[in-house]
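What follows is chain A paired twice: with chain B in the first complex and chain C in the second.
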Partner chain A sequence: MSLVVDGVVARGAFSRVVSISIEPGRPVGLVGPNGSGKSTTLRAIAGLDRLASGTISLDGSVLDGADAFVPAELRGVGVVFQTMRLFPHLTALDNVAFGLRCAGASRHDARGQARRLLTSVGADHVADRRPATLSGGEAQRVALARALAPSPRVLLLDEPFASVDADSRPALRALLRSLVVGSGICSVIVSHDRADISDLTDVVVDLGSAG
Partner chain B sequence: MSTETDVPEIRLISGVRKRTDMLFRGAMTVGALASLVILALIAGFLLFRGFQIFADFGLGFLTSSTWDSGDVNDPTTARFGIAAMLVGSVLIATIAVVVAVPFAMSAALFIEYYAPRAVRTVLTSVLDLIAAVPSVIWGIWGYSVLMPDAEGWAKTLHSWLGWFPLFDVPAPIFGRSPFIAGLLLAMMILPIVTSVAREVYGQAPRDHVDAAYALGGTRWGALRTVVIPFGRSGLVGGAMLGLGRALGETVAVFLVLNLVFDVNFKILASAGGNVASLIASRFGEASPYELKGLMAAGLVLFLVTLLVNAAATAVVKRAKVAV
Partner chain C sequence: MISDSSHREPVVSAPVRSARSLTAAAAVAAMFVVVPLASVVWRAPLGDAWSILSGSASRDALVVSAQTSVIAAILSCVLGVPLAWWLARTTARGASVVRTLCIAPMVLPPVVGGIALLAAFGRRGVLGAPLEEWFGVTIPFTRAAVVMAQVFVAMPFLVLSVEAAFRQAGSDLEEAARTLGAGPVRVFWQVAVPSAGAGIAAGAVLAWARSLGEFGATITFAGSLQGRTQTLPMVVYESAALDYRQSLVLSLLLIVVSVTVLALLRDRWIGGFSR
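The block that comes next holds the complex of A and B.
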C-alpha cells in the first residue's frame, strides 16, 4: 500500500507541482520555506482541497483525479493540525472518540477505545478535561490520539510540535515515531524543525522556494 | 543607496487627542447614549401617564384579571388588572419561539451548509422579504388561511394529548386560540431568528469544520460537533430577539385571538390574552382613566420585554463561557 501524489496543488493564486510517493511505515518529511505549499499539499491529501490537476492515489485507487474525488470523510485519513483544533466544547476523551463515533461505533465502545488510546499516548489523566485547560504537550497528545483513533490509512501531521515546549518534544517525538512506524501506515510530516524531520522521518521531500 | 532624506522624521507621541478624534468620539458617545435616553424617555412617559393606576391598584394590577372601565364619570368604579393578558402574552410568545426555533435552525443550516449558491441567494431574499410583510397582512392571512387549517391541527393535538391540561379544552371550539396566535407569531419571527442563526452558523470556525471532516466526520457530524455548539449562544440570542418581538406583537395577534379576561393555560382553547392586543383593542374608546390603565399595561409590557432581553444577554454570555 502506498500513497502517491502527482499533480498541482493550488490554493487561491498559489500553485505548485508536487510529486511524492509515501510508503507505509516510512514517514515522509515535507520541508520548505513558508509559502512553498507544504500545508496545501497536506490539505489536498486529506481531501480538504482538490488538486488543480493530476492525481492522488492510495494503493492504486484514485482519491483525487480528473474523474474522481473521494471526500475527506471517506478517505480514512487522520490529520494533526498545526493549531490542533481540538473541539473546545468536548472533553479530551470525547475529542478522541469523535472519529470512532463517526465511523459508527457506539458511544460506550468509542469512549472505551478512546480511553485506551489516551493511555497509549500518556494522556489518560486529562480524559475528562476540556482543551482550554490542557498544556501544549497534553493537547498535542490528545490531538495525536484523536487522529489515530479511527485507524487511518494515512496520517498527516502539520507542524505537530509547534505548540509544545522544547523540553517535551523529544519524548513526544519518540512516542510519535513508535506509533507511526509501529502501525505501518503512510504518514507525512510537515515541520520547520530539523530535529522533527531527522528524528521522525525516513524520507525528506524539499518543496524548495516559495511559490 | 540611502540618503539622509530616507530617514523618517522622529514621530512625537502626544497625550493630547486630536480634534478629529475628539469629534468622532463625541459623535459615537452621543449615538450610543441616544438609545438609552430614548428608552428612558419611553419608560418615563409611560410611568408618568400610568402612575395613578399603580397608586390606585398596587400589585393587584398585576395579579387581577378584571378589566372593567366602570362608570366614565366615576373612576372609583373602574377595576383594572392585566394578569390574564400578561400570562397570555408570555404563553403565546413561548409557543411562537418553541415552534420557530427548530425551523429557523434547520433553515439556517440548510442555507449555510447544504444549499447550492443560487438556491442560497433566493432563500435569503425570500426570508428578507417575509420579514418585511406588515403585521396586519400577517393577521389577515392568519385569520383567513392559517386558522381554518390550524383548527384541524388543534383538534388532532387535543385528541392525542387532551389528557394533558395544556392541550385540554373546556368546549370543543378551537378557533382564535393561543395556539393559533402562537403559530402565526412563529411564522412572523422566523425570518429574524433564521437570519441571526445563519449569521452565527456562518461564522463557525472553518478550521474546526475541516478537522471534523478530516477525522471522518460527515457533514451532519461536522454540523453537530462544530457548527451547532459554536452557534448555540447566537441562536439563543436570536430566539430571545424573536421572543421580544412576539411579546410586543399587536395587530396580527388581535385578529386571530379571542381576548378573554381569565388566566388561561389551555393553549387550544378559544380564549387567550395579550397585553399589546388589549391596548390596541381598547385605546380608541378608552375613558381618560382607562387610558391611564392602558399606559400602565404598556409600561409592564415594556419592562417584561426589557427583562427578556436582559435574560437573553445573560444566557448568551453563559453559553459563550461554556463553549
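The block that comes next holds the complex of A and C.
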C-alpha cells in the first residue's frame, strides 16, 4: 500500500531521475533548489505529464509505465497548486463541489458534502464568495477542501502556504496535519519553508543532493 | 484594438512637439472615413425614414437579415468555439496550416467564398450533388444558403477572438479540473468556456455584425430573392440606382448598428468582463 515513483521525470529540456516511496499517512517532504525538479515530479505523479521512462505505481497498479498511462482525471490524485487555481467563475462552495460532481454526485448532494468539507477546514463562512474576494488563507483552505473532496488516494501540495501570511501558517499546518497524518492518504509536500517540512513530514527527500 | 484597455488609464506624458505634417496626415485619414459616414447621415431623408423602412422590400430584408444573422452568429459559436479551443491547446503538427485555412475567409474576396460554397454545395457540387441525389436536398438560393454564406465569412472573426481568449486564460484551470476528475468534455464546458467568456461574447458579436453586413458570398451562393434570401445589404446595393433615398436610409441603419456594436465591445464587454 504505497505510492512508488521510480523513473525519469522530464519537462521541456529538463530531466532527472527520481526515486521515492510514499506510505499512507506518512507525508513526504520534497525539498531542493529551484529547478531541481520538485514541481515536475508532482506533475508526473498527478498525471499532467508523462514520465520519460520508468514507472509510477500506486498499491501495485501502474499509473505510468512503458505500456500503461492513467490520465489525470482517472488517477484519484488531488493537488493543491502553488497558485491555488480556484475556478474564478464559481463560488467557494461550487469549487469544492466540482470534484464531487465529476464523480457523479447530484448537485444537491455535492453541495451538502462540500459545505461539510468547508466547515472541516474552517472556511464555511466564505462558501458563497468568489475566489477573487478571498484572502490568501481563506483561498488556501478552500483549495485544500476542493482537493480532498473527491477522496483522493494521493494528495500533492506544491508550496501550499506560499500565499498565506506568516500568522496564519501555524493554524493551517495543524489543520493539514490533522487531515493527512495518520489518514490513508499518500501525500507529498513541496515547500521552501523548513517549518512546513519539519512540522508536516516524516520523510524528507532532497532533490538537490542527488541531482 | 478591442483588447486594448489602456485607454482607461490615461498616462500623463510630456507633450509631444507636434510634427505638423503628421497631424495633417492623420486628419486627412480620419476625414476620409468620417466624411462619407457623416454624409449618409446628412443626406438620408430622416423624415421619410419610417415609411421607407416599412416598405415591402425593406421590411422583408429586415426580417431575413435579422433572422439569418442571429442564426449565423449562433452557429459560428457552436462550431467556432470548439475549433478555437483546439487551435489554442493542440500540439499537433499542421495546426498552423489548419488555422491559416480556417481564417482565410477574412482576407478572401467574399465573392470567392460564394463560388467556393457553390463548388461544394451547389447542385453539381462536390457535396451538393450527392445531397440532392440521395436526400433530395438543394441548398443554393435558400434561406439556409444565406446562413451558410454568413457563417463562412463571419466565423473566422469569432475563431481568432476566442482562440486568443483561450490562450490568455491558459491551461492552469483546465489542469486543476482534470486532477479533480473532470474528463475532456466537462473541462471544456465547465472550465474552458466560462474562463474565456468575455472573448466568446466579443467574438459572437463580431460574427453577428459581420453576418449582418455580408454581401458578396451571399448574393453568389444564395441570390437576392425578396422575402427569401434578400438581405439588407442587397437592398442597399440594388436600390442605389433605383431608389437612392431607400439606399441611404438602410445604409444609415447599418452604420448605426455597426458603430453601436464597436462601442459596446470597447467600453462595456471587454472592460466589464476583464478580471
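Here, the second predicted complex is superposed on the first by the 207 of 211 C-alpha atoms of A that agree within 3 Å, B and C clash if a C-alpha of one lies under 4 Å from a C-alpha of the other, contacts with A are read in each partner's own complex, and residues count from 1 in each chain.
Keep in mind that, in the parts below, a contact is a pair of C-beta atoms (placed from the backbone, for glycine too) under 8 Å apart; a residue touches a chain by one contact, two chains touch by 3 or more.
From a predicted model like this one, the values you see are computed outputs, not experimental measurements.
Q: Put the two structures on top of each other at chain A: do chain B and chain C fit, or clash?
A: Aligned on chain A, chain B and chain C clash with each other.
Q: Between chain B and chain C, whom does A:78 touch in the aligned arrangement: first, second, both, or neither?
A: Both partners, chain B and chain C.
Q: State whether A:99 touches chain B only (first), chain C only (second), both chains, or neither.
A: A:99 sits against chain B and chain C alike.
Q: Does the superposition put A:88 against chain B (first), chain C (second), both, or neither?
A: both
Q: Considering only touches as defined above, state whether A:178 meets chain B (first), chain C (second), both or neither.
A: In the superposed model, A:178 contacts neither chain B nor chain C.
Q: After superposing on chain A, which of these stretches of chain B ends up overlapping chain C: 1-9, 19-27, 163-171 or 199-207?
A: The stretch that clashes with chain C is 199-207.
Q: Residue overlap on chain A between the chain B contact set and the chain C contact set?
A: Common to the two interfaces on chain A: residues 46-48, 71-74, 76-79, 81, 83, 85, 87-89, 98-99, 102-103, 146-147, 149-150.
Q: Taking the touch rule as given, give the residues of chain C at its contact with chain A in the complex, in rising order.
A: Its residues touching chain A are 172-173, 175-183, 186, 190-191, 194-195, 197, 275.
Q: Spell out the part of chain A that touches chain C in their complex, as residue ranges.
A: By the definition above, chain A touches chain C via 46-48, 71-79, 81, 83, 85, 87-89, 98-99, 102-103, 132, 146-147, 149-150.
Q: Mind pulling up the chain A residues that touch chain B in the complex?
A: Per the stated touch rule, the residues are 43, 46-48, 71-74, 76-79, 81, 83, 85, 87-90, 98-99, 101-103, 146-147, 149-150, 156.
Q: Provide the residue numbers of chain B that touch chain A in the complex, in ascending order.
A: It comes out as residues 205, 207-208, 210-219, 221, 225-226, 229, 322-323.
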